[in-house]
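By letter and in written order, the chains are A, B, C and D; residue numbering begins at 1 in each of them.
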Amino acid sequence: MPGRHFLQIPGPANIPDRVTQAMSRPLMNHRGIAFKDLSLGLFPKLKKIFKTERGTVIIFPSSGTGAWESSLVNTLSPGDAVLAFSIGEFSAGYARCAKNNGFAVDLVELPWGSSVSEALVYEKLKADAGHKYKAVLTIHNETATGVATDIAAVREALNKAKHPALLLVDTISGLASIDFRFDAWGVDVATACSQKGLLMPAGLGILCASEKALKARESAKSPRHYFDWGPMMSRNAEGYFPYTPATTLLYGLDEATDLLLDEGLEHVFARHARMADGVRTAVRAWGFKVLAERPEVESNVITTVMLPPGVDSDALLVLSETEFDLSLGAGLGPLKGKAFRIGHLGHMNDLEVLATLAGVEMALSRLGAKISLGAGVAACQKRFLDHPMPKKN
Amino acid sequence: MPGRHFLQIPGPANIPDRVTQAMSRPLMNHRGIAFKDLSLGLFPKLKKIFKTERGTVIIFPSSGTGAWESSLVNTLSPGDAVLAFSIGEFSAGYARCAKNNGFAVDLVELPWGSSVSEALVYEKLKADAGHKYKAVLTIHNETATGVATDIAAVREALNKAKHPALLLVDTISGLASIDFRFDAWGVDVATACSQKGLLMPAGLGILCASEKALKARESAKSPRHYFDWGPMMSRNAEGYFPYTPATTLLYGLDEATDLLLDEGLEHVFARHARMADGVRTAVRAWGFKVLAERPEVESNVITTVMLPPGVDSDALLVLSETEFDLSLGAGLGPLKGKAFRIGHLGHMNDLEVLATLAGVEMALSRLGAKISLGAGVAACQKRFLDHPMPKKN
Amino acid sequence: MPGRHFLQIPGPANIPDRVTQAMSRPLMNHRGIAFKDLSLGLFPKLKKIFKTERGTVIIFPSSGTGAWESSLVNTLSPGDAVLAFSIGEFSAGYARCAKNNGFAVDLVELPWGSSVSEALVYEKLKADAGHKYKAVLTIHNETATGVATDIAAVREALNKAKHPALLLVDTISGLASIDFRFDAWGVDVATACSQKGLLMPAGLGILCASEKALKARESAKSPRHYFDWGPMMSRNAEGYFPYTPATTLLYGLDEATDLLLDEGLEHVFARHARMADGVRTAVRAWGFKVLAERPEVESNVITTVMLPPGVDSDALLVLSETEFDLSLGAGLGPLKGKAFRIGHLGHMNDLEVLATLAGVEMALSRLGAKISLGAGVAACQKRFLDHPMPKKN
Amino acid sequence: MPGRHFLQIPGPANIPDRVTQAMSRPLMNHRGIAFKDLSLGLFPKLKKIFKTERGTVIIFPSSGTGAWESSLVNTLSPGDAVLAFSIGEFSAGYARCAKNNGFAVDLVELPWGSSVSEALVYEKLKADAGHKYKAVLTIHNETATGVATDIAAVREALNKAKHPALLLVDTISGLASIDFRFDAWGVDVATACSQKGLLMPAGLGILCASEKALKARESAKSPRHYFDWGPMMSRNAEGYFPYTPATTLLYGLDEATDLLLDEGLEHVFARHARMADGVRTAVRAWGFKVLAERPEVESNVITTVMLPPGVDSDALLVLSETEFDLSLGAGLGPLKGKAFRIGHLGHMNDLEVLATLAGVEMALSRLGAKISLGAGVAACQKRFLDHPMPKKN
């Protein structure tokens, strides 16, 4: 099909050319001298992106699901109880990962569209006087719903309840798109991956572990080998990996982290906030609802759009891909057929946001939805003009 | 700047990824055995694109200006008279190229926005009873104005006037975007280049010469070396070039011609017609004028948009590039500051057209033009929905 | 450093340009329609490469170590006994992976340079009348020593001993370089990865599982989530993956498997045999020893060269990398400093083999080794001339 | 064919990956704001490479032959007499280019293998008391023979003869491989191109013109348009080009000039000298002759090797390409079938030189030449070890 594809799913996004080119560089020896410069340069940049000084960053050849598994098997022993909150498919998935790895998951299921409130966390932990929960699992940005949770408030709930559980946070679709503060928020293990805000294709699971998490690892008895932090940390210290790293992906990550830090994280966040604002303005102009329960928790990374009865979101996705070369995210779980998701993350500009909205409008119109062509585009244009991109320093 | 650039100038357009990749292949020996397959495969495909069986295709490492020069020095002798029509900067440029190469140019200057009519050509040739004109220079698609000339009609004028002059046609921005028929239209030399409908960056000047043109070359006394067809034809026959060819560009051209012929030329033309239609519909929705004197001569490759007084098109270009990552074409010559040009050629899809229009709207709005945001986008969306892309066979 | 690097480690090898280009293609939606074609096309090709009709191929975003882990946790229950043979670092690693995942490993340690004999396997299994061993772990090509084990013979030993244990085979550095026959050899789980004979960078762990292994999975109680075959198989059946796949690596694998199958597996094996023969001929011409205990078990993928006393192989690696842009493999474990490894796998030609040998000679000479410059090169040249590459069909 | 091609022709050479990647960057608007930075950054770097402060650099989309033509039509008037020296196909070609462009060429033909001596130039110019010669055409490095001419000495001859002719020097295969000093040697027009020492594929003709040459242009009456310096200089001054530039090639040239200047020109020259020395040492070890008439004029860019009777160099080229993936240069003109050329220029390392020599040895052996396999390789290895690469500053 002629022209450029618009990959507006909730990650991965379109890869910046500089990152693609970096991944095309000839392979180097992952046990050689030159490799060391690559890896030793990479970790400090990732620490900046996690906003941590005390954390330890670990990179696995894996998807984000692998990062989840690693966060659990390194810190817990078989049968350990964990408290988890389901607010969408991915927070539920983290809990399922814990269950499948042999932990006793106490799962609090909330309606899709909710975020996890400080009050709820406090209540659950307060009730656990015996400290059976060894960890609290939560999600920074729920990719299935487009809801961001206030992790600082979750940490506050732990503190208030004086509960010693580890705080494990999935920031897979949050990191490097919306603000994340590993140290300031007292996170114990943050899980991320390459294919979201980090501007890369999938293939790398990335974690950040606190000193408390590292200490927990020493006594954690879960069987582990591939996702064990121990050999990683000792080999990483010298600039190497215990088994063959995905070198081309590390090349890309090196370039992508340069792009992000050169732009400046706060600018990256402001840019995402602006794109999200433009998209949500368009959704409202269409007369549709954003799923997130209230504006404060709307994600700046993805927007879940509720469709009126009679418009099938699965049909919308097929049509937008085949007729308009536009990939959107499906409504998942209870939202199947009823909602779709627009990814507005990564290296995108105003015109790409507007093209996406224009494509959604045409596909909706084609499906018979009552929609005024151009209405969302116009609303977003106005919003963008009224709120120009902040300048970089 | 994050995101993808929109290169909506009147050529070059965005390069398809497959073409970029082809140009990245390792160099081969241009005197080796493998090279022969590349070049011998290329010429027949270019002949299909020129719609010729009797023509000879020649490729130079040069821009389109080099193709002009080559069309002249191979067919004319110093001081020969040529008849040329100026309807914009590029038709005027072809004439200037002839003048600088030592030919006696009789230049008919028409207002920008005009096409060259059969009647006018007939009149000029009829008046040349002594057949002093050795060639008629004309342009298929004037890139400065967005006007297409009916070359079949021009040929008809030559026939009617029974004039033996060679018909030299610049189809630099026409070929492979709008229909061009070398044989059917009795063209003697067609000049083209890589960076327009052929989906490539600049660097190759491409010509097609008729048997009559080849015969003219035998007696043409203009000094020539670099752009001489003779050594090209004899070496090309064996699959080689008389001097080092631009191999990476030939790789790209090989891939690009595959893309075009796989899509089918008629589909390529229909796609361009549809994109142009969408853009012109938007321009009308904005309340602006397209420069072309009448709808029949509007180009399907580029559209020149006249701006209302008080809106400076040069300022528009600066703003669209710097704020919206959108490159547009300037108003040239008499249109400087008063008009701008939108390129809608090459490998583009609906969403890219709409993004371009959305960007133009925002930039115009920023400059204070009276424009209803989204109006052009909506008009184009409707047009696109009402006229879906024809299916490929 | 000017010029091309020679990456002659025991994998990954230099990536073919076509594969690099494939990995640079724009990302597609891994939940979209187009993706299905990619993945559904890939599995049948991998089955051809494993030489299986009855096996099920599964691909993880991971290194080969992940494939090991997956082979174990899907087929075994906590505490299960397995029989393993250590003949080098990687066979020992597979056993360690089993131990760390909570299985009772009975490890038979053989000298480095050995292969695993049918007799030994038979003896161990015969002694296990109670069938406590649930699996036998072995390695097709030991990357640390350059020794190939006769897997057909190992299977024969199981058969002869009438032992029901699963046969788990690491063919990480064997597959697609030397002959591997999943069906014919009765393998239950074969583990492989992208960065060896499959011509790719690291990032994909690849397994093939027999019906018996799939059946074992149903009762295997090991906790598993990331490396679980279940969700993979059900989603793969429709052309998708349960979590985000490493799409760019799948693009590359798609191209690489085309390259291999277009060349023909038997030709690939013959080419590797010839390269290995050339290298070993050179080693003998230098007067050095190949580690493998006897010629029949010498690997066609890598050669471990024993250095004479006084020549430090670690120094050799530093020197060859920094002065001659040549990466070689280190002597591992007991061979540290005493041996080095030459990788001769993947897309290599005669001149690259000879350049490698020339580089080794210069580096050895620089280190004061008694070596006649050019002697190994000459021996290899002669061998290559006497044994030209077999023609492809 | 598996493995990497060895492109050891006398240019183009293998393109460095960084340059290939630069050429793959998305196109920018050649009339836009960002373009200016690219072009204004390029010219000063090229001036450093020409070693000029007073010269003006001009870049055409063309091959080197176009640069020849440009050097002539800008400085001469129709019928002007020029003195030229033929010492091989390319110096003869420059003269032929002058003849075809309408100048009166006085051609001194010397045996292939000769350089142009100061004495000869002096003699010819001294005899031209009436100063009919408006220009002296000479070649810095004759690509057909591998002979370098002492341009400083040629300038000295002009000075001594007090002859006002312009000194036009073809440094197409010399620039950026062997020392060239535009200012110090009093060159008036130097012609170069992208595909030799400048590390690029073909497609750009590059010239450097002295103030005297620019002054000559003002009165030079040759018809010219495409290759005219006037519009180039006026547009270049603002960072633009009069017609569409070959932007992707400019991207590459920008990167390639960075590579060269970062390495340091003197190091580049030393590296070429060392590679050439290694190759010539091998040729002598084979018992063959280098064509150049004496060691002082041997080129450090290419070596022409004379074959003994009975060994056909054309057969050698076919065999080396088809069997060993090695491209060599043919014997041209009188040397057809009797000699072949090895290119040793650009981004090459020791192992690539040795692989080339090893390939030549095998191909020669296959053709029945009396040659001791490995002999040339060994001689070159020894030479390389005895003369390690000088360190960069």
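Going forward, contacts are C-beta pairs under 8 Å (C-beta built on N, C-alpha and C of every residue); 3 or more make two chains touch, one makes a residue touch a chain.
Since this is a predicted model, take the numbers as computed values, not measurements.
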Chain pair with the higher count of C-beta pairs in contact (B-D, A-B): B-D
Chain of greatest Cα-centre distance to chain B: C
Rounded Å distance between chain B and chain C, as computed from the means of their C-alpha atoms: 54
CA centroid of chain A to CA centroid of chain B, Å: 46
Whole-Å gap between the CA centroids of chain B and chain D: 34
Chain A: positions in contact with at least two other chains: 4, 14, 21, 24, 26
Of all residues in chain D, those that touch chain B in their complex: 4-5, 7, 9, 11-12, 14-15, 20-21, 23-24, 26-34, 60-66, 68-69, 78, 96-97, 100-102, 193, 195, 201-203, 222-228, 242-249, 317-318, 321-322, 327, 329-330
Interface residues, chain A side, partner chain B - complex: 1-4, 6, 14, 16, 263, 271, 323-326, 346-352, 354-356, 358-359, 361-362, 365-366, 372-375, 377-379, 381-382, 384-385, 388
Parts of chain B lying in touch with chain C, wherever the complex brings them together: 17, 21, 24-26
